[in-house]
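Okay, here's the structure, questions in a sec.
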Amino acid sequence: MAFEYEKYLRMDKIPHLWCPGCGIGVVLKAMLRAIDNMGWDKNDIAFVSGIGCTSRAPGYIDCNTLHTTHGRALTFATGIKMAKPAKHVIIFSGDGDATAIGGNHFIHACRRNIDMTLVVVNNNTYGMTGGQHSPTTPIGYKTSTTSYGNIDPTFDICLLAKAAGASYVARSTVNKGKVLEKYITKGLEHKGFSVIVATANCHTQFGRKNKMGDPISSRKWIETREIPLDKARNMKAAELEDKIITGEFISEEPEQTYWENYNHPIHEYTEAYQGIIEKAQKKSEGENK
Amino acid sequence: MLLTAKTEQASFRINIKKLRMEIAMSEKINIPDHYRRWEADIKIGKKEDHVTIGYWRDGCKGCGICVDVCPKQVWEIIEAKDKWNGQVVQVTDAAKCIKCMLCEVHCPDFCIKIY
Amino acid sequence: MKKTVRFYSGAELVGKAAIDAGCSYFGGYPITPSSEIAEYMSIHLPKHGGTYMQMEDEIAAMGSIIGASLTGAKVLTATSGPGFSLKQENIGYAYMAEVPCVICNVMRGGPSTGLPTALAQADIMQAKWGTHGDHPVIALTPAYLEEIYEMTIKAFNLAETYRMPVMLLLDEVIAHLSAAIELPDKELMVIKNRRKPLVPPEKYYPYDTAYGDVPPMANFFEGYRYHVTGLSHDKTGFPTTDPDLVQADQERQIRKVASKADEIYDYESYLMKDAKIIIFAYGSTARAARVAIDNARKLGIQVGMMRFKVLWPLPEAEILKICSKAKAIIIPEMNMGQLSEVIERYAADRTKIMRINHVGGVPIHPTDILNVIKEVV
């Protein structure tokens, strides 16, 4: 059965502005299927994004949408969620937006474990501004600012999120749209900060400079480098260089050692703040008596 | 599942193949008129079924992902002089389709509907 | 009527006024000398069911209050010079998206880290021009504790009425001043709220100019699903690059304050009727100026003061009138002449303008002002 995307789209804005074959379209569709799985009312959902190609996604969605400043989407989203904790806040961000300029907000949103869902579309570049290198551009590759090959080491966004305190972390690719949908649905269901990384192709900017300037070869390049987390867990770092590790990064087992599972989320932030309000009001009543 | 009066009668028919086709056609198929449309009876393994493929040419940017992901070569690239990319796609033979939905899931531009 | 006199500090009054005005979200970051406002809000906001968020940095604080304001909350943030500099990009966003919020800047010595615990008034131009691009500005400069309470509520009202960020500029010394004061009854204060749309969601445009220069504002999650962006946009809220639409939108934004400037101006005229020498002052320096004027009057010198309570927009027509009649204008400021530059532009050919610029962190003493007055005579 075909999925009725029209229900969630601002159809007068379609076709969208992304390049032919751009992975962001696939991620957007996975997101729409995921929110349909949740059965939420469109009026109860807010989409927030920063700046970049990925951050144009909310403009196409028929919900409360907010297109903010570069890297700061999580801060606006935190304000929305803390002001209206019962509503659903979902953030779209690119790799540069989330981990470079937005790095500080990324780790703190994870730390707070606030009940929001962040989808990072990682296409290894700053696409909209012309393909400059980002904190996830693999070593050795050419971009518009690394003509001699990139020497900047990369972040593993999932491990970063996990270490910072996010309580649901997963990664998949745009070759696996249904898996993305599953992970995003789980992230939306999860009560706490969820980070889903969707590795995507930017063939127009990144691919073109690295001999894969069309969607098919860029997608193949992603597909050939995928390794499931269960397999990667015991592999050496050198073998995993330039690989994409897919799967869910948080285990349910509470018995893991410190090194295996560095953090365990203590509580979800909006619930904890509700406790503060109750405490304050009780104290205030006591003072007034 | 929506059953019209006609298909209620059809449930008494011995010809199961016709029954399946009528059930498929009475399903809510939401394909706008300006979409291109292909219909075919298909076989998924041993099971018999019917597929309706809807395709929105105006939104298609000719990226070719549907051609690449389809396991059965249902889609093919054709020339399109009016398009920026110079190409769009079309269905070669809908009867080859096995409704895996990979083309619909991975089309970035919302151009494919598989019923 | 029962009078309640209580001991308050300036910072506490900002917090109390904000809560009385209906503020339900505070996003902040610790910075001297405004941390006391954050501390007050962290204790008292939850008592009223509001949310205090200490964000990871100043930029996050500003971002979070804009997000909260879009859901309908009245919001406040408090900072000082370095934090004010950091917030500028998001302040520009609030201007562009027309989101009501109040930014309290407790001014301290600058630039850069400067004098964290000393007085200055050197951010007044930054309040006007800190962020890139063109935008209107409303900045308030209270000088007395009671005024802090009234002007904070006024700041919220202005933010809601004009759908923009409003700057509340406090001098460090006033924020840290404590005294026993009598506050007006909370019920007597006028509270204004943002204009809500009267049309159903299908007919709603977030930047609709059919209702005057300030568009009615729908809150998120109330059935109006619209798009808010920092890109130049048209009345639907979606981005546009059409030069005519962008021009018209910018002009409307400037006009929404400029056309109502008469209702926004607020200044105090002290002994102006027969004054030949006029002092223009604002904030804590105005308090010193008042003492200096009283002393000068005892010596028979005809001197008066125009004290700006709303610094931007300036009441230009009034200022020009005064400059034409005055023998001399004295402008004492705790900066290198930021307001003086503006006044000189108006009036250098009409009258003599004397600057008193102290940037060492120690407040201007009434004697300093009195000496300049005597010099003029």
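We call the chains A, B and C, going by the order they appear; numbering starts again at 1 in every chain.
Just so it is clear, a residue touches a chain if its C-beta (ideal position, glycine included) is under 8 Å from a C-beta of that chain, and two chains touch if they have at least 3 such contacts.
Bear in mind that the values here come from a model prediction, so they are computed numbers and not experimental data.
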Closest chain to global C-alpha mean, per-chain Cα centroids:
A
Once you count every C-beta pair in contact for both, which comes out on top, A-C or A-B?
A-C
Centre to centre, by mean C-alpha position, how many angstrom separate chain B and chain C?
62
Rounded Å distance, chain A centre to chain C centre (Cα mean)
38
Whole-Å gap separating chain A and chain B, where each centre is the average of the chain's CA atoms:
32
Mind listing the chain A positions that touch chain C in their complex?
13, 42-44, 46, 48, 58-59, 62-69, 72, 74-80, 82-84, 87, 104-105, 108, 273, 276-277, 279-281, 283-284
Touching chain A in the complex: which residues of chain C?
24-25, 27, 43-44, 46-47, 49, 51, 53, 55-57, 59-73, 75, 89-90, 93, 220-223, 225-231, 238-239
In the complex, go through chain B and note every residue touching chain A.
27, 30-31, 54, 58-59, 61-65, 68, 85, 101-102, 104-110, 113-115
Complex contact set, residues of chain A against chain B
1-5, 9, 14-16, 18-26, 28-30, 174-175, 177-178, 181, 214-216, 219
